[in-house]
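Heads up, the next two complexes both have chain A, just with different partners, chain B and then chain C.
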Partner chain A sequence: MINECIDVSEKEFDVVIVGGGIAGSLIAKQLGIYGKKVLILEAGESKHMKYLDYQRNLDLYYSASVKSPNSPFSSNSHAPQPDELDVISKIPYMNSKGYFIQMGPTPYRSDYTRHLGGATLHWLGTCLRMIPDDFKTKTKFGVGLDWPLTYEELRPYYEQAEYEIGISGEVNDQRELGQLLNIKEEWFGKEYVFPMHKIPESNIDKYLSKQLEGKSITFQGHQYSLKVTSTPQARNGIPNMKYRYRGEPYKPVGAVGNDFQGKRCVGYSSCVPICPIQAKYSALKTLDSALKSGNVTIVSKAVVTEIKVDGFGKVEKVVYKAYTSNNPNDFSLYTAVGKIFVLAANPVENSKLMLKSLIKNDLIGKYLMDHPFLLTWGLSPQLLGIFKGPGSTSGIESLRNGKFREHRSAFRIEIGNLGWLWSNGAPYSIINSLVFEKNNSGKKLRESTYDMNQRQIQLGFMLEQPAEATNRITIDRREKDSFGNLRPIINYKLSEYTIKGMEAAKQTASTLYSYLGAKECTSYTDDDPGFIQYNNNSYAFSGAGHFMGGHVMGTSIHNSVVDKYQKVWGYKNLFAVGCGSLPTTGTANPTLTLAALALMSAKWINNSLEKEKITIGVDK
Partner chain B sequence: MSKIVSLPPKIQSIDELKNYLNLALEIELSTIPPYLVSMYTLEPDTNKESLEIIRTVVVEEMLHMLLVANIINAIGGTPVLNNKENIPKYPYEVPIKTKKNELLKINLQSFSREAIETFLEIEKNTPLDEIRESVPRDEPFNSIAEFYSTILDALIYFNNHIGEGNFFCGDPTKQIHPEYYYNSGGTSIIVTDLESAINAINLIIDQGHREDESSFCHEGPSHYQRFFEILNTNSEDSKSFFGDRITVKWDKVYKIYTNPKHINYKNHEELEKKSKEFNILYSNLLDLIHIAINGKPEVFNECNIIMFSLRNKATELMKIPLEDNFRAAPTFEYIEESNRK
Partner chain C sequence: MSRVNTYDLFLKLSETITGFTRVDLLSTGLDVHYYEFINAKEPKTLKELLKKYYFVPCSDFSLDKSYFSEELNFLIKQIILLWYTGRWYINSVNYYYLSSESYKQGLIWKAINAHPFGANPTGYGSWGKSIYLEDINDK
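This part shows the complex of A and B:
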């Protein structure tokens, strides 16, 4: 049942979840199936759970003059969200006019969405597993933190996450990659296949595969292959008839509220920020099926403002602000009561809430990370047939692991299907310059537009960023916006380790463009907010939208905020889940990993509720 | 399953059954162009709810074609879609009698109350007690449900009579698996025996022609209920497809000549060219589906691409103005392969 801004203080739930994004929805669905009474408190709106309202978000996107990841998902003063477009400068003060207070020295360039469904509304849907070495970077490379669990422990939950999200991919391509990355562990189970076949490779994927066949690059005397690998992704493809989940074949899940849409990706290419047919997974799908259990209640327009703890480390309730209009005073404060509380908002919101509620742990808010993203671009001598398919369908993944990680970041290379859209605003910018600078018109304009756009190659380098305590989220009780919301304060800096990774990335880019016979056109200007100079070379990084850290997991209260089940150290019934718990970023887009962790937590939470039942039974 | 049925008077042999199943394929196909044309005539960005509702019906009709093809293949028949004789021409007379005691006639026409009323006739259900056990050989069927019910009886009869193994003797590799079907509108059913054949027929009847709550295997409003909502947006009797009341703007529709013919486009060069291109695409599509349902299911991937091209071509046609505020429209005429250049 979905309600807006109602009072639930009279009811008692087994589990109260703060945030209706992917982590919260996966946990709600599992617990709902197990028969537990679950409440989700969502700060933002929920109306797009209805098909026709979702379509209205699409209209917002079409009509936006500048298209950013949040353009279909309007800002809401009671539940403010950052926007990529807030970052306009290298001067921290200039970047602090939106929701975040950016303290620098480098800007944090990512954003998230405070609407039901969370950032999966505007994500690309890339679903790579982390590699086993990513779980032990401290031990293996002397960098960052170690995880309190091994890849092996998480593997079954990766499989479950791939089912819940619905992944299209070719497992043999991943196995081959595993060999290139020197993975000794069983990365994918022997009999395992993905629920759906891979999304067909794009024209540019095929072109790169061919041109780069057998090619490699050398770092510190080691040769690394430049093989192109298809990307497992969260969008509907052709179901794999060999796939079974608990004995059942996979059925693609269509649009929420309209089962006749979205059973296959048809290549609209607007995945970021919005898939018009919902062939791309969003947490709305999981929420929809969670509601079907009859045990899950969603209350939207309910911003949780405080966690109330008794004197014995037990959370009693959370306080939430239920707002009815866009007026700052138009709200009521209510409480929600449950046995277990799960913070499942974005890492920034989870950290903010714990800091405000004086949860006792010095590490809250620390180790904020992202995947700094280095865009490079070039022009191929031949027409490539681009601007087709999802934003990306393949990558060069073979540089995600190696001995070099002792000295510098690893990276993956995302092959873009949409030309210079991200780096230069193509095709619109190209047309502008042809018309206004080169005075092209008529047939010549059509031909040049086609020629200029169809030769564009964009390779995005997604860099690992190790955890550092100085990169952090804090709050200051005096720093509130006009609605009384505390503004997150962000301290952020790229370390030399990551910048050295950027240097290697740029070298790799030049090598790749030369293998492709393409003209490299990358140029970074010092007015770019992400501009960096290092060893006399220039770089400019963007954000990947991958907020990580803030409540990292570890082996004790001395090195972490949560344990491996994401339970907050020192509290009996408080969990903080999501990307905030990741101690390392690795080079996998993090959503799949956060989903696997959430499913592991769901199982643990259910077990502990069951145990409690038994205990009560004995007491009687 | 073990129901004892006698031979339906209308279907006296397995060959006749195969012919009836091919007629079923033709009837299912005949509904698609009229639904598409009514969608094409909606002005851009208007009547989005109606457009989506009609689209959901179209994808299910496509599924029905595939299910019928699977049944034909399962009993060793040949589904035919590459022959002019099997492709509906408009106005198309469905061999089903309406309440007015006339054969049901389907037109290619603009989105309008009249068009939706015809759609309701196509999708109307017959209460179970009005479906005759044995329709006399020289009388038309009273409803599509009755038509399928007769086919069902024949399937059961021959299955019981000559044995499942002998009757369901088709090449299983010709079955269209869920893998090859687009999924929207449901999943294909692989037909290998009587049980799966019955499931396939029930799914067709159930998705299309249900008026009440009863359902074998399908959730959500039937085609009849969906069209009923377009015609009666505010009625208490309407089942809401999207969970919210919809609005219909009957005036935000392009006018087209009912049942347009390519021959009438002769004196308009651009129009004639585009109309021919459309019909060639349509014919290529039907030929490819024919190939796909006759042993090469992987060809369906190519069909998907043509379906998108078909929509784009239709949109181009609809942009061409004719006299008196009328617009051009696709004519859905099958062109023999030799005449396609």
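This part shows the complex of A and C:
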């Protein structure tokens, strides 16, 4: 049942979940299936669970002059959201005119959206597993933090997550990659296949794959292959008949409210920020099936503002602001009661809530991370057949692990299918300069537009970022917006370890463009908010949208906020789930790992409810 | 010049400056809309432009030459970009979309052999079937 802004204080739930993004919805669905009574309190709107209302967001996208991730998902004053367009400068103060207060010294450049479904509404859907070494970077490379669990423990949940999300991919491509990455553990189970066959590689994938065959790059005497690997992704393709996770082949899940649509990706190329037919997974699908259990209630337009704890470390209730209109005074405060409380509002909002509610742990908000993203671009001698298909269908993944991680970040390389769209605003930027600067018109203009766009190569380098306590989310009770919302305060800096990774990334880019016979066109200007100079070279990084850290997991209350089941240390019935729990970023886009962890937590929560013992809360 | 005539002349001019045929222009379904929009926005300049265009030999048309005044030149650029992008450029940097339809009907997508992101999808796997790279297709 979905309701808007109602009072639920009379009811008692087994589990109250704050936030209806992928983390919250996966847990709700599992617990609903197990017969538990679940409440999801969602800050944003829920009307796009109706197919036609979802479609209306598309119109916002079409007419938006800048087609940024949040362009179809407008900001809501009762549940404000950051926007990547808020970052306009290197001066922290200038970047603080939106929701975040950016303290710098470098800007945090990612955003999220606060509507039911969360950031999966506008994500790309790349779903790589982390590699086993990512779970022990401290032990293995002397950098960052170790996880309190191993890859092996999480592997069954990765499989479950790939089922719940619906992944298209070729497992043998991953296995081959595993060898290049020197993975000794069983990365993918022996018989395992993905639910659906891989999404076909794009023209540029195939071109790069051929040109880079057998090519490598050397770092500190070690040779690393530059092989192109297909990307497992959260979009519907052709079911793999060998897949047997639930005893039968996978059935692609169509659009919410219109199951005839979206069972297979048809190449709308607008995955970020909105897939018109919902062939790309979003949490709306999981919420839809969670509702079918009959045990899940969603209340939207309900912003949780505080967690109330009794004197014994037990959460009694959460307070939420139920608003009815876009007027600052148009809201009521209600409470929700349950046995277990799960914060699934994303790293920033989870941290903000815990800080505001005086949850006791000095590490809350600390270790904020992202995958700093270095865009590079070049012009190929060959026409490529791009500007079609999903944003990316392959990557160069072979530099995600190596001894170099002792002194610099690893990275993965995303091959773009949409030319210089992200780096330069192509194809528009091209025609703009042809007309305004070069005075082109007529046939010549048409030909140049074609030629200059169809040769574009864009390679995005997604860098690992180790946890550092000084990168953090804080609050100041005086810093509220006009609706009384506390504004997150962000301190953020890239360490030399990551910048050295950027240096290696840029070298790799140059090597790649030269193997491709392409003209490298990358240039970074110092008016870019992410501009950095290092060893006399210039770089400019963007955000990947991958908020991580803020309530990292660990082995004790002294080194972490949550345990490996994402239960908050020292509290009997409070969980904080999502990418906020990740102690390391690795180089995999993080949501698949978030999903695996959420599924593990769901199982654990269910077991504890089953036992009905106070086992919940036995800190080791 | 009568209304029908100037509209017709507007289309002829548009063919010359965009490099697209009349059929391409009409296929957007926005020809009348664009004409009326510009006519409402810049009535005098448009009239002057069309008058002047009437006397230019088509083959001799170029924006580099100073045949047109700066003002007319800028309007020509605005018209080109309107057809290509569906945007109305206020200056070389600032613009807005006339409508969500004008975004989708931008001829730039046709010019680069692609499709507007978020509309007119090209079909499952179409992104791996190049017209240029036959040799590496479906190996």
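One rule holds in what follows: the second predicted complex is superposed on the first by the 612 of 620 C-alpha atoms of A that agree within 3 Å, B and C clash if a C-alpha of one lies under 4 Å from a C-alpha of the other, contacts with A are read in each partner's own complex, and residues count from 1 in each chain.
Keep this in mind: contacts are C-beta pairs under 8 Å (C-beta built on N, C-alpha and C of every residue); 3 or more make two chains touch, one makes a residue touch a chain.
Just so we're clear, the structure is a prediction, and the values are computed from it rather than from any experiment.
Undergrad: Once both complexes are superposed via chain A, do chain B and chain C end up clashing or fitting?
TA: Superposition check on chain A shows chain B and chain C fit without a clash.
Undergrad: Contacts for A:251 in the overlay, against chain B (first) and chain C (second): which applies, first, second, both or neither?
TA: After superposition on chain A, A:251 lies in contact with chain B alone.
Undergrad: Using C-alpha centres only, what angle sits at chain A with arms pointing to chain B and chain C? Round to the nearest 10 degrees.
TA: 60
Undergrad: On the A-aligned overlay, A:403 touches which partner chain: chain B = first, chain C = second, or both, or neither?
TA: neither
Undergrad: For chain A, which side has the bigger count of touched residues, chain B or chain C?
TA: C
Undergrad: Check whether A:55 is in contact with chain B, with chain C, with both or with neither, and answer first, second, both or neither.
TA: A:55 contacts chain B only, not chain C.
Undergrad: Could you say whether A:418 touches chain B, chain C, both of them, or neither, answering first, second, both or neither?
TA: second
Undergrad: First (chain B), second (chain C), both or neither: which does A:266 touch?
TA: Both partners, chain B and chain C.
Undergrad: Could you look at A:241 and tell me whether it touches chain B, chain C, both or neither (first, second, both, neither)?
TA: first
Undergrad: In whole Å, what is the nearest CA distance you get between chain B and chain C after the fit?
TA: In the combined three-chain model, chain B comes within 5 Å of chain C at the C-alpha level.
Undergrad: Under the contact rule defined above, give the chain A residues that sit at the interface with chain B and also at the interface with chain C.
TA: Touching chain B and chain C on chain A: residues 264, 266.
Undergrad: Which bits of chain B are touching chain A when the two form their complex?
TA: Those residues of chain B that touch chain A are 48-49, 52, 55-56, 59-60, 177-180, 182-185, 187, 219-220, 242-244, 304, 308.
Undergrad: For the complex, give me every residue of chain A touching chain B.
TA: 50-52, 55, 236, 238-241, 249, 251-252, 254, 257-264, 266
Undergrad: In the complex formed with chain A, which residues of chain C make contact?
TA: Residues 16-20, 61-64, 76-77, 80-81, 84-85, 87, 92, 95-97, 99-101, 103-104, 108-109, 111-115, 117-119, 121-133, 136-137, 139.
Undergrad: Which residues of chain A touch chain C in the complex?
TA: Within the complex, chain A contacts chain C at residues 58-59, 61-65, 67, 200-203, 205-207, 210, 237, 264-270, 274, 276, 382-390, 393, 417-418, 427-428, 431-432, 435-436, 439-447, 449-450, 453-454.
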